[in-house]
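Read from first to last, the chains carry the letters A, B, C, D, E and F; within each, the first residue is number 1.
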Amino acid sequence: MSKQIAAFGEVMMRLQVPGYELLSQASTLNYSFSGSGVNVLSALTRYGHQGSLVTRLPEGPLGDAAIASLRKLGIHSGYIERGGQYIGMYFLENGFGARPGRVTYTDRAGSSFNTAPQHTYSFAGLAGKADAVHFCGITLAMNDGVRTAMKSYAEAVKLKGGLVVFDCNYRPSLWREGGYELARLHYEEMLHLADIVLMNEQDAMFILGMDAVSGEREGQLRELIPEVAARYSLCTVAGTHRTIHEDNRHSLRGYIFKAGSFSFSDHLTFTVLDRVGAGDAYASGIIHGELEGFDPQHTVSFAAAAGVLAHTVAGDSPMSSEQDVFRMLMNPGGDVQR
Amino acid sequence: MSKQIAAFGEVMMRLQVPGYELLSQASTLNYSFSGSGVNVLSALTRYGHQGSLVTRLPEGPLGDAAIASLRKLGIHSGYIERGGQYIGMYFLENGFGARPGRVTYTDRAGSSFNTAPQHTYSFAGLAGKADAVHFCGITLAMNDGVRTAMKSYAEAVKLKGGLVVFDCNYRPSLWREGGYELARLHYEEMLHLADIVLMNEQDAMFILGMDAVSGEREGQLRELIPEVAARYSLCTVAGTHRTIHEDNRHSLRGYIFKAGSFSFSDHLTFTVLDRVGAGDAYASGIIHGELEGFDPQHTVSFAAAAGVLAHTVAGDSPMSSEQDVFRMLMNPGGDVQR
Amino acid sequence: MSKQIAAFGEVMMRLQVPGYELLSQASTLNYSFSGSGVNVLSALTRYGHQGSLVTRLPEGPLGDAAIASLRKLGIHSGYIERGGQYIGMYFLENGFGARPGRVTYTDRAGSSFNTAPQHTYSFAGLAGKADAVHFCGITLAMNDGVRTAMKSYAEAVKLKGGLVVFDCNYRPSLWREGGYELARLHYEEMLHLADIVLMNEQDAMFILGMDAVSGEREGQLRELIPEVAARYSLCTVAGTHRTIHEDNRHSLRGYIFKAGSFSFSDHLTFTVLDRVGAGDAYASGIIHGELEGFDPQHTVSFAAAAGVLAHTVAGDSPMSSEQDVFRMLMNPGGDVQR
Amino acid sequence: MSKQIAAFGEVMMRLQVPGYELLSQASTLNYSFSGSGVNVLSALTRYGHQGSLVTRLPEGPLGDAAIASLRKLGIHSGYIERGGQYIGMYFLENGFGARPGRVTYTDRAGSSFNTAPQHTYSFAGLAGKADAVHFCGITLAMNDGVRTAMKSYAEAVKLKGGLVVFDCNYRPSLWREGGYELARLHYEEMLHLADIVLMNEQDAMFILGMDAVSGEREGQLRELIPEVAARYSLCTVAGTHRTIHEDNRHSLRGYIFKAGSFSFSDHLTFTVLDRVGAGDAYASGIIHGELEGFDPQHTVSFAAAAGVLAHTVAGDSPMSSEQDVFRMLMNPGGDVQR
Amino acid sequence: MSKQIAAFGEVMMRLQVPGYELLSQASTLNYSFSGSGVNVLSALTRYGHQGSLVTRLPEGPLGDAAIASLRKLGIHSGYIERGGQYIGMYFLENGFGARPGRVTYTDRAGSSFNTAPQHTYSFAGLAGKADAVHFCGITLAMNDGVRTAMKSYAEAVKLKGGLVVFDCNYRPSLWREGGYELARLHYEEMLHLADIVLMNEQDAMFILGMDAVSGEREGQLRELIPEVAARYSLCTVAGTHRTIHEDNRHSLRGYIFKAGSFSFSDHLTFTVLDRVGAGDAYASGIIHGELEGFDPQHTVSFAAAAGVLAHTVAGDSPMSSEQDVFRMLMNPGGDVQR
Amino acid sequence: MSKQIAAFGEVMMRLQVPGYELLSQASTLNYSFSGSGVNVLSALTRYGHQGSLVTRLPEGPLGDAAIASLRKLGIHSGYIERGGQYIGMYFLENGFGARPGRVTYTDRAGSSFNTAPQHTYSFAGLAGKADAVHFCGITLAMNDGVRTAMKSYAEAVKLKGGLVVFDCNYRPSLWREGGYELARLHYEEMLHLADIVLMNEQDAMFILGMDAVSGEREGQLRELIPEVAARYSLCTVAGTHRTIHEDNRHSLRGYIFKAGSFSFSDHLTFTVLDRVGAGDAYASGIIHGELEGFDPQHTVSFAAAAGVLAHTVAGDSPMSSEQDVFRMLMNPGGDVQR
């Protein structure tokens, strides 16, 4: 059944060098607009839900282009504030084989989203309009203003009985000043507000400072995640382990921890077209499973398949329908459909 | 020695989304003109034969573009009738890895080819102009007018002593009304007229309703194909088995049944650039071998190699020369040629 | 003040040869989705109104792409029915200088819109949701089913007190069977339902069979339009005269007839980037002026400037904001804005 | 009535920088294959004639691409010899406004055409297969081998009663060694063999060394062309005067001299998309008029309109049909055709 | 004779929507690197001088691409400092006819150039390495750090006997805080240091607050420029008047004031391909004339022709050689060069 | 520490069909400028050295574009002579999977480099300006003039105490007249002059006519290379063995022989984006290791990793920095860098 879902986060302009050239070789760029919230809403919209982004964008051609792009993805744009001057951007040079891709950010500190004055958004009103709201650790890394807004929104959602989804998504490069120590306080506040959390054992160890007896990842996961769930009263915790193979194929295995027990997806191995945004696709699969009441094993399988498919789609934002994900679960590696 | 070869069939406009975007992401399309007959003639022209397409195309820019495109492939356009209003089209979204490609057809029922009035073509005259004529099960699926024309042409060819080649090419989506039951009658008529037939055991079981004792494909093939050849007095029957691997590579193994015995190609495993039209390349290899008098083992190896190469060429229409196929047989996986 | 505006009409896929090549020279196409209703809503959305399209589109990649494209234009897609199989298409080869552009249609008779079964749309419900609804003579030319739906919708709007806008937009090629005689009946029915009509003296003479004493266009306009307005009780009638100059520049002069008197825009002369859809931009300007209560002189000037700007924008759909049109009225021919 | 027309000349690969960048700015090129003979045949094929090119092209990908390209234009490729190693090429940077376009040649001396051994072509056989054969002054400039072949072919055509068409097309840069003095001998030989000649008064003065009393171009034309026609027993002489205006538009006026009297086209003024090959379009119009028996005034008007249209078409080779040219004569500057 | 010329200024990344689409319509961008100093050096390098840019660029892919691009233009990159984090950017949507182009800046305040710490550059050393150094009013608008650096460099150049060139280039949008009042102080300091100044009467009136008796531009110019030259002891003052015509063509007339008298170029009227950077081309023409010792009339004609040609070249940076400018002076509007 | 490195060799224009189409299918080309010397300098420049090309290029747009392109790669263009008429070119059709790529050369015999008159270059002066100079067997194959120049330059370098690097790079197609016999003499002269030589056991056997007892490649290498090193007094000999796998991946293993002992890199297996120029990347790695004084094991590992990375970069010229190569040595197959 179609649900109302909102996401709070920044819209980034992605400027991608086409093909496999470097910025110093090429002369054209493909552009699109994405962001963790955008990606999650793009996926959930394709699973039949109504998705609305809560963000701030500048007036003028760039803001207009961003909104047109969100609308094209099927995202509701009615809660977007206009104001401020700039939009965050990043440049993407595709990798090939042994050569990894590179992401170069422009200054996002001055973006409309990151400079939104207090009281830009009416969170009290917004909170009542969504069954679930998605928040992300990238937003948490920005600045105090954004952090305050994020927590206010999450509190308002909690108050109205909506689901708070929080994807830890810790990026060391965004916490250069302060690091894990500064991050921990803010993460803990969000975890206390959250119902569904995306994370794995490394977040528990590095951000939350927890220790594990086990020396390997699954053991650490099985030790720490139940403890996290208990400590922060989380309904659901989920995440992935990724391996990159020598032939540049990737493997993904998803887990979900719910009602005291773990479920795992198969180890899925696949070729990568577009790496960015695949984590958001996995998160969307978890949210969809939870909202639809799938059993945990089905949810984690669905989310992992959705994550794999997102690696095969151009752009950050997932484009696969629920039916596409189901087909992939039944019949991976099919022939052309005609 | 160069032979005159004709093909009877529809020209389709292929509208392909470049790269790996979906129709709802992209804004440009690559277009070309193909069709089963076009593809077979493209291949045979590259092996040194003279190929002529017998079809009907509208006046105006689209018909002109189609003819220019056929001529560019080296196909003789002198027997093409102009008239009617439309050209059949299909949209192609490329797959990537775990995500299969998608083909979306426009309405081909109203195409110039499918609405050709009776007596559009002078089959009596045309029949004398070719050593062999290629027909295809896709054409058989269209409507009664086209089926009647197809059989008249095959009869006329038979009368003049030309070779009738028939590729079963059963597409379930084209026989939605009537299904196998309706199809069987028409297939049987064509099989009675044919000398060389492209099919495999599944066509025998599903279209012709034959039963096999064996539970696996090669066994079924060895049971059923000799029976088909006998029942319809076929000179040669040939076809392929395709496997799609978990790493999205494909394998192909060709067979030929002639003079009472089977020959098989190696299992060839390969990466796919463009899936559409590869079956026509295999058929062309069989036709070429038969026309040139290759021994069956050479014919099936040539056809399989031609089929593999067609997967590595952009567009539906095979572009490899006889020399390219020979080189592939000798030295698969060579370095850049300079 | 922002109004709710709906339009009823077909969405067409436009397939444009980039640059100045012909279809028989090129190998790529740019595609977009447009239609008279789409264009009008695109313009009105940019003037601050809420625009919704009432139409029918197929399931699958082409329908999805059409909806994504409408949403990108800012058009509400919530009243679009999904069903049927196909989408109408046209190919556009750009003209250059002395060589005119060419439009080639595919078969739109079988499109989802044109094959919508009776009772596809709930016009009674839809009628209450818009302050004004746009209809177009192109839709009227399609078939009886579409004509019936169109008139039912217009009647329902009339009943609920909404404004009915009708753009005559007679295309001879769409009325090949029946011609003016058949068209007249249907046009008269729509004129009786309409409040605002887009037409000029040639529509009055050819479609409605009226005679004029004057031998030149403005004279005929001044004779016939008041008579038309009286006969069909129209609130507003508006339209344009276009001249194409030897240097391939175009001139446009708009007129509006309201409350018994004519107002005219300046003769505007301009270079053309994209001819298609400019008439819809003019119509949108008239609708905007009427909805906003501009005085007629201001309305006709605004509409003419909007029409000119639409010739300078890529694609069928107008992209200029109200502010862009005002700037053009104040300061035509400005330098780069930075 | 459809005639058989041949042309003898080199196929050049045109490598054009897209848009308005220079070679030192861009990184992509559009390529096509043209040449004076190719262009003339492209035009005449579109007027309903059968055109065959007599030339020599290398084996391998470049020769294959050239032949595919000629075939796409509708030109018969059956008389093309394969051999030699290279293909002549030129780079084209488009001009814009006050900045003229630039053509940079690669070394065409070593091309397959220019290094064809004696007896490459069977002119005796070829001569019987065409109603008219087109030759060009550019070919005459190449080297002795090519010149000898050209004259042998022209003589053979003359013998068989075919029409010899000769376009003077003097390019100073191709006669750097020898200049007018060397050229004169060869031009005179060709003029003695020709029936229809394309030239103007400047060719008479500079190549043939004739003097005129008049100081302006039309006067010189009226003095010298009758003398040339008489001296070389020419049936028809035709050519153009071109003016380039300050606003970068061009004007063209065609003349034809036949049966002792001159006819002139209107002065046609137009915007230029692609300058190269327009002279060949004019020549084709003259040839078509002569073959069809148009009266001279109609021929020169047709040729001038064909020349103008060729400036509006991308690429060197004319693409307009006879109907396109007629439409332009009736209705220059028309609106989009739909 | 080849001179050493330096320029001090920011490198901007230009992100241009190809063709005539808006940012909200397109999905690709062309990028290049420019800036006032870059453009001036690009032009002067083409006139045979050695040009070096003094600027600061970040480490990483964007800085590398900027340097590669400068080097491609022929500019010496040896004096470029690496450091800081960002590069300034602007988006360009091309105008067409009545629709003007639009420039949208990203936040350049945080660029490497604008955040260079004190003592980033060794101006004392640099000053001795150039015969002339170019400074620009855009740089003056940035912030105190940049202004200080700029003046230090100019002083050092003055000390070593080099020429200081200052282009006023006042952009109101860059002086929003402070306006003319704040600007005046800084402009006056630079004018006191300058030898050659680019400006016109409006700069004198608005920035310097001078009054003119005359009511039209040439009169004001003749009144004010001699006074400016005297007040600041300038060797040469030069500039342009631009008119934009109704048909979207532009006219330009250059002036130079030197040794007490004015020289003017012709009024040149032309079509515009790329508006940005044309002022820098004019400035370069003035600098070249001064360095080469042209007489003022020749200098102003050369500069105006160079300015016109820069409007016909893709990108901000002039690409014409000295020979191209001379050819334009002799023979404007020539045919294709082959 | 940054060294001065020169290379002597031809600049070739590479004209590459984009994607996977053939020349007879496509209509656009990507162009760039490369050559063995260009590629080596491109790599070494990225490792922090100063690279200068010694070559000859024509005046005009193609020569200008070549120089702009070299400069963009970071190569010093100050020692490039301008003169002659043409530039060598090659067309590249990319292979895919089982279909190998194809290279088609135009006539390079007449290029500016290959027709340089005696005394074009001042080798005596140039020799003092570089710590090492790179020569290549391709240059040796051209003609006597070029061979003489090459040896003179190498002698001059030797005299001044610079390092002579010689890459054997034997291409059978370039020695069609004369073959190994003719080649041997010239190779021996260069080997006598060289310090560092790139070759493997096949060069020893085929060019130098040496015999090996062993029947497999490593055995032959271990027998012959020490003998070659001794015979020609070489400081360092290095090279690679390449294997092409059935799945179209390649493997590379580098060797270096120095001070009497061999070092080998790992067998590296990788996917290939662009095959051309990878050998030059390996050579550059060896040169860099030698110039920097790496121990041989480090040098050969670095060179092999550099060679692998060059297969993953678009274009002939290596683009990886020293840091990129080190990262690949530490952490092959990493995730996107952000």
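Here is the rule we go by: a residue touches a chain if its C-beta (ideal position, glycine included) is under 8 Å from a C-beta of that chain, and two chains touch if they have at least 3 such contacts.
Treat the numbers as computed from the prediction; the structure is a model and nothing was measured.
Superposing chain B on chain F by their CA atoms means rotating through 120 degrees, a value rounded to the nearest 5. Equivalent interface to D-F within the set A-C, A-E or B-F: A-E (over half of contact pairs identical by residue number). Simply put, of B-D and C-E, more C-beta pairs touch at C-E.
A straight line joining the Cα centres of chain A and chain F is 46 Å long. In whole angstrom, the spacing between the mean C-alpha positions of chain A and chain D is 63. Put simply, the C-alpha centre of chain E and that of chain F have 42 angstrom between them. Shown for chain C are the residues in touch with two or more other chains, namely 22, 24, 27, 68, 72, 102. Across the interface of their complex, chain F is touched by residues 72, 249, 269-273, 308-309, 311-315, 319-320, 324, 328, 332-338 of chain B. Every residue of chain E that touches chain C in the complex is listed here, in rising order: 19-22, 24-25, 90, 95-103, 105, 171, 173, 242, 244-248, 275-276.
Within the complex, the chain F residues that touch chain E are 68-69, 71-74. Those residues of chain D that touch chain F in the complex are listed here as 15, 18, 22-24, 27-32, 60-62, 64-65, 68-69, 85-87, 89, 91, 93, 102, 104, 106-107, 109-110.
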